[in-house]
Amino acid sequence: MTAVLAIARGVFKDSIRDRVPYNLVFFAVLLMAASFLLAQLTAGQDVKIIKDLGLAAASLMGVLIAVFFGIGLVAKEVERRSIYSLLSKPITRSQFIVGKYLGLVFTLIANLAVMALAYYGVLAYLDWQTPASIKAGWEAAALDPMLLKAFALIAVELMLVTALALFFSTFSSTFLSAALTIAMYVIGHFSDDLRTLESFGASPALAMIGRGLYYAFPNLSPLNVTAAVVHGQAVTAQHMLLASGSIGLYVAVLLVASTLIFERRDFK
Amino acid sequence: MDAIRTEGLTKHYTKGFWRSRPYAALEDLTLHVGQGEVFGFLGPNGAGKTTTLKLLMQLIFPTSGRAEILGRPVGDVSVRRRIGYLPENPYFYDNLTAEELLIYFARVFGYSAQDGRARASRLLDEVGIGSERRFQLRKFSKGMIQRVGIAQALVNDPEVVFFDEPMSGLDPIGRREVRELILRLRDKGCAVFFSSHVLSDAEALCSRVAVVVKGRLTATGRLSDLLANRARAWELVVSSVSQPVIDRIAPRLTGVTVLGEGRFSLELPLTVAPEQLLAELVATGARLVSLNPVRETLEDFFVQQVRATDEAGIVRERTAS
Amino acid sequence: MAPPLRTRRTLHWIAFVVLLVAAIGTQTAINGAFERFTPTQEVQWVRSPGVMRRLVLGFNSVAADIYWIRAVQYYGSTKLSKAENKDYGFLFPLLDITTTLDPRFNIAYRFGAILLSEGYPNGPGRPEDAIALLEKGIRESPNKWEYYLDAGFVEYWWHDDPKAAADWFLRGSKLSTAPNWLQPLAASVLAEGGDQVAARVLWTQLAQTAEQEWMRRTARTRLQQLDAENVIGQLQPIVNSFYDRANRFPTGWDEMTRAGLVRGIPLDPTGVPYTLDPVSGAVDVAEESSLYPLRRGL
């Protein structure tokens, strides 16, 4: 266990200083600031637009960061051979996988926290600028703490994306891993539509495939509570638990699968 | 108990798009290294040296055969507590500093943070990294990374260390320092298994060597046993000799090198008694500069092993396994 | 310390299978439990199609595709949602933007018209929007006889206006590319008025010739609806005869069966029982049936 935590700590230290995520986080913050300007163009919808765009930016940048890190976890290490020195230490390959994954999740949460801070910053500015009469008409307060629930579920989503990227990178190159992970992410978001494919005019064979994919793949749509939270609708603790738990199981599946592949892999 | 022991260790890859052509990276390697021994694992590029090291570190899995380290099979995770490994062309984590890397590895071993810091400090001193230890590894030159690599291999005070091309990237001063370090390790009772194609290092350090060519072990044993410990010729360097004198004795020599200004280096076959020839030359007014037996060097031996393998027509790719 | 590799691997395989089953099982079980946060609250940030076209910087086709997908998803999720008052308000604007970005987007016109005219609550029930969309299509592609046909359909089926329908068919038949059955179709529609024969011909044609499976399926559904209409036309007088005898309408099909007026519960062509309203005596297809609602004004 200490070995796992030591690896996690090392990964965290290395990843948190990486430049690419900084750029992506910066870009997300920029988007949030820009959303403020955009909101001025659409009278009355400003708080909603800022909330919507901000969450979308955080989610999208988060996914990119997760993919970037996920493939760096294994594929990049294998390509650059830095994996040799770590694997020759007294750790099993499964400890390696779990430790790396944990370190990465911590890094992601740190990045997400920065984005959340910027998000609330922009909203606080809006809140300060808007007169009380208009604020009365808002469906939910600008600095609604419920928004944190949205961020929490984004974090859960990122944990899955990272696990996906890690899984693919145990057996394929960096580029292929990135492509496959993004593809699965997209499928995960269209999961609901996979089930109802036939009502969209697909042939019966395709609909059956769609339904199979729907059942087997993790469904990412429950993690997207943007619509509810932005409109001030409640997101129940039960929803959070169920969604997180279900995704958590998939993460476990991916980590075990990664270990299985990793254990028997030759590092040429 | 041997420090390292392999029996019939073999690694075959399949090459080609449809994975149809088997390729023997290593074939039937059997050797042993005693505790406290410095063992040189020599061979030309592509001979299978790195493959062997990776098999010993279980970075790759053998096709057949076994290997043991300190009496435990190579797959045993616990034995890795007592060994250290320096990979070829090492690469670590760009954003960590040298210090942080060593502390990281120390903690993976289970040492406390404090202990890790102490070890890191000591090891970085030992490999000659000074204030640069606070810089991130991305800023390090190849030679400095090599030193860090050696340091990380020693974090746990290992009983056996495996070095893959330890001198690579180092300047002459660095190489001397590493040589001294290896000798210090030996003196501490640590077995050192290092692969190299730089023979002078092996000659200076190793008690025993193995030579692999094209994936096969061609020779192994004590250096003194492998190299004919008899002179194969004499080298006589004389001065104040004139050319006509040299021409007169030339038929008895196997080689003459003109060093200039009346100095010559003469190579005498074993059949010629050097004392007698020297007496003749002194009688003509020559002066002795040096007289040395010429022993077979490791380089000669090495080249001869490689050539023998070529002539034996050993082929690594087989059409049928 | 750590168990040997083989033992570890066996454990890992077992863990993998168990976790996979657990993951899929859990997700299947709870998927229904998630409330669907309907996207009916879509905001249209850019209202003008013209502005949209300029905004997409030339990636018109891709943007049109994206909007088309959005329109279809919007329709689908609104239709499938369990909300009380479904609002299809964004459907026409989305289709409008789609067809402005790509004026030759054939399927957007034809399919879009079908979606727009679909009766509430399975659709927005706005045939006038459908015709407006088809008129736009005709402006962009004057030689598309299919749009005239579709517009005629809408008039005939949803507006119950055979004269307007025949007018569309005639105009369409004048195109050089038009098939030769359009003109006789116009004639028979005029002649039959509200009769079903022409309608049957129309739908049968479409069921056989339309390029998209969805449109063929719609046509077959329409034919089933026509059959249902016929059956209702036969059942209604029987129900009325019950009233004549008992001075009230029957409580249900059971009573009708016991009275010997029908043999068992009548099912519509999709196998769903017809409903019998005990207050008004009206026979209709059930709301759950995919044939609901039948066209109005019958």
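Every chain is named by a letter (A, B and C) in the order it is written, and numbering of its residues begins at 1.
Following the convention adopted for this analysis, a contact is a pair of C-beta atoms (placed from the backbone, for glycine too) under 8 Å apart; a residue touches a chain by one contact, two chains touch by 3 or more.
Quick caveat: nothing in here was measured; it's all calculated off a predicted structure.
**Q** Measuring between Cα centroids, which chain is at the maximum distance from chain A?
**A** B
**Q** Taking each chain's centre as the average of its Cα atoms, which chain lies closest to the overall Cα centroid?
**A** A
**Q** Distance from the CA centroid of chain B to that of chain C, rounded to the nearest Å?
**A** Using C-alpha averages as centres, the distance is 79 Å.
**Q** Where the CA atoms of chain A average out and where those of chain C average out, how many Å apart are those spots?
**A** The computed centroid separation for chain A versus chain C comes out at 37 Å.
**Q** For chain A versus chain B, what separation do you get between their C-alpha means, in angstrom?
**A** 49
**Q** I need the residues of chain B touching at least two other chains; which ones are they?
**A** In chain B, residues 77-78 touch at least two other chains, as defined above.
**Q** Which chain C residues sit where two or more other chains touch them?
**A** In chain C, 1-2, 5 touch at least two other chains.
**Q** Which positions in chain A touch two or more other chains at once?
**A** 90, 92, 264
**Q** Can you list the chain C residues touching chain A in their complex?
**A** Touch residues, chain C against chain A: 1-2, 5, 8-9, 12-13, 15-16, 19-20, 22-24, 26-28, 30-31, 33-39, 41, 43, 45, 72-73, 76-77, 79-80, 212-214, 217.
**Q** Help me check something: in the complex, which residues belonging to chain A touch chain C?
**A** So the residues of chain A touching chain C come out as 42, 45, 48-49, 52, 90, 92, 94, 192-193, 196, 199-201, 203, 215-216, 218-219, 221-222, 225, 227-228, 231, 233, 239, 242-243, 245-246, 249-250, 252-253, 256-257, 259-260, 263-264.
**Q** Write out the stretch or stretches of chain A touching chain B in their complex.
**A** 2-3, 6-7, 9-10, 13-15, 17-18, 80-82, 84-92, 264, 266-268
**Q** For chain B, which residues are in contact with chain A within the complex?
**A** Residues of chain B touching chain A: 13, 54, 57, 59-61, 77-81, 83, 85-87, 89-96, 100, 104-105, 107-110, 136, 149, 152.
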